[in-house]
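Structure record follows, encoded as structure tokens.
Chain nomenclature is as follows: A, B, C and D, assigned in order of appearance, with residue numbering initiated at 1 for each chain independently.
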Amino acid sequence: MSANYIDTLQLRLTLELCAPSDIRFIEGIVALIQRQCKEVSFPSSKCSLNIPVALSEALANAILRANKEDPGKQVYVRSAIDNDRLVIEIRDEGPGFDLRTSMRDPTLDENITREDGRGLFLMTRLMDRIELFNNNGNVVRMTLNRHAEAE
Amino acid sequence: MSANYIDTLQLRLTLELCAPSDIRFIEGIVALIQRQCKEVSFPSSKCSLNIPVALSEALANAILRANKEDPGKQVYVRSAIDNDRLVIEIRDEGPGFDLRTSMRDPTLDENITREDGRGLFLMTRLMDRIELFNNNGNVVRMTLNRHAEAE
Amino acid sequence: MSFAIKKQSEVVVVDVEGQLIVGNRQELKQKVLDELERGERKFLIDFSQTGYIDSSGLGVLVSLSKKIREQGGELRLANLNEDLKTLFELTKLDTLFQIADTRERALETF
Amino acid sequence: MSFAIKKQSEVVVVDVEGQLIVGNRQELKQKVLDELERGERKFLIDFSQTGYIDSSGLGVLVSLSKKIREQGGELRLANLNEDLKTLFELTKLDTLFQIADTRERALETF
């Protein structure tokens, strides 16, 4: 179906899942959500760059930083995609964190040769909006508009 | 991802859409929901027979019988798929109907050579459960279990 | 979806490519009735490339079969996959139609 | 996803097939460090068959580049598609690496 067809149908796809704290699940979860985005004809470079990279970062942080790969802890993912935007929420069982104090600029000379510290930076650059909530754990909500980056 | 992988993730996919009262949309909507069912590794003959035929019948009735192809009326579809079952709700803007009095047995000698009247019969045979509700129009809810037909 | 028609030794063979459903059954009906009017009497519908068939599609097959028989002709079906066989059994239409496993078998015995 | 390694005129060429992400970056790191230990000094990573790269993947490229340089060697990258170019520009890693458009161009100038 063409993008126009999708507009006519006012299609909305929601995905919910709960994954063990194991980084081997990341690639499959990303592929699932990529396919959901393609189903509503999300722009192709958003499907191949922005969404997989930002989602992969958020999942890696939830599994490694928040849940510390504890097999007793889970990561909850919810994505909602419609003609206007993608909203993904990732909930972990960690303490939460503060975006401003946790993120550094990896493009600065003193950081550019560091191996880590590019995750939150990429999430904020590749998504239109990042929000944090505390709700029985820590929720990271990422929003990507289908069209222009303006809100 | 294998079916087992999907079980581990407790995946749940929800689709919502609103279609104009035009039978040309049926095939595309059926294909969309078929792909969602394949995404959670629903058994293959349910994806290729039970779901498309029952859904196609319900959509055709909503568009032709309930909305009478009135371009001012819409058909609303909501499907929710998880590891256990598929639930599809089709809401039209018609008066509603009664399953018992509307359905006849098309396998009887007096009906077998008739052109029409096999839709509701197929829906009940291909799905595990059919329910009707009135909710600002008429809602047909069809449930198909992933595994045995028992409830 | 589309309907490819060709003639094979006295028999009009129709391939149903894709779905046979409420949205396109009129097209199949018209194509077959045109051939019937032109004098053709032997018809074979081949489902090897068919996805699913809905009740409207089944209905069109029933009514075509009747019209063809009224003109002294015959309609046969071939190549139903497992799903389509189930559909014909559920509706008992397997008792109404001459159904062959393969196109060759159907053509042989006309 | 997998990493195919072969030697092409003095240069160790690695093809990244699929994603380069937190789940597999260690495998790439180990493979390249093994070659470095074996005495290899010229490395080319080809991304023509790569999907996406996450920050861990980028991190591994940064640290490999450092380790190789410390041994007097050199790491080059080739065949970044538009998405990967955007990723390297966003992180300014396009200024840190020698990036060639094609594998041939990268091999020529080593």
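Structural remarks
We adopt the following convention: contacts are C-beta pairs under 8 Å (C-beta built on N, C-alpha and C of every residue); 3 or more make two chains touch, one makes a residue touch a chain.
Because the structure is a prediction, the values reported are computed rather than measured.
One finds 50 Å separating the Cα centroids of subunit B and subunit D. Subunit A and subunit D, compared by their mean Cα positions, are separated by 25 Å.
Taking each chain's centre as the average of its CA atoms, subunit A and subunit B sit 32 Å apart. Taking each chain's centre as the mean of its C-alpha atoms, subunit C lies 59 Å from subunit D.
Shown here, the protein chains touch in a chain-like sequence that does not close on itself.
Chain pairs that touch one another are A-B, A-D, B-C. Listed in rising order, the residues of subunit C touching subunit B in the complex are 1, 19, 21-23, 51-56, 58-60, 62-63, 66, 82-83, 86-87, 90-93, 95-96. Across the interface of their complex, subunit A is touched by residues 1, 5, 8-20, 25, 28-29, 31-32, 35-36, 39 of subunit B. For subunit B in complex with subunit C, the touching residues are 23-24, 26-27, 45, 48-49, 52-53, 56-57, 60, 64, 106-107, 112-119, 121-122, 125-126.
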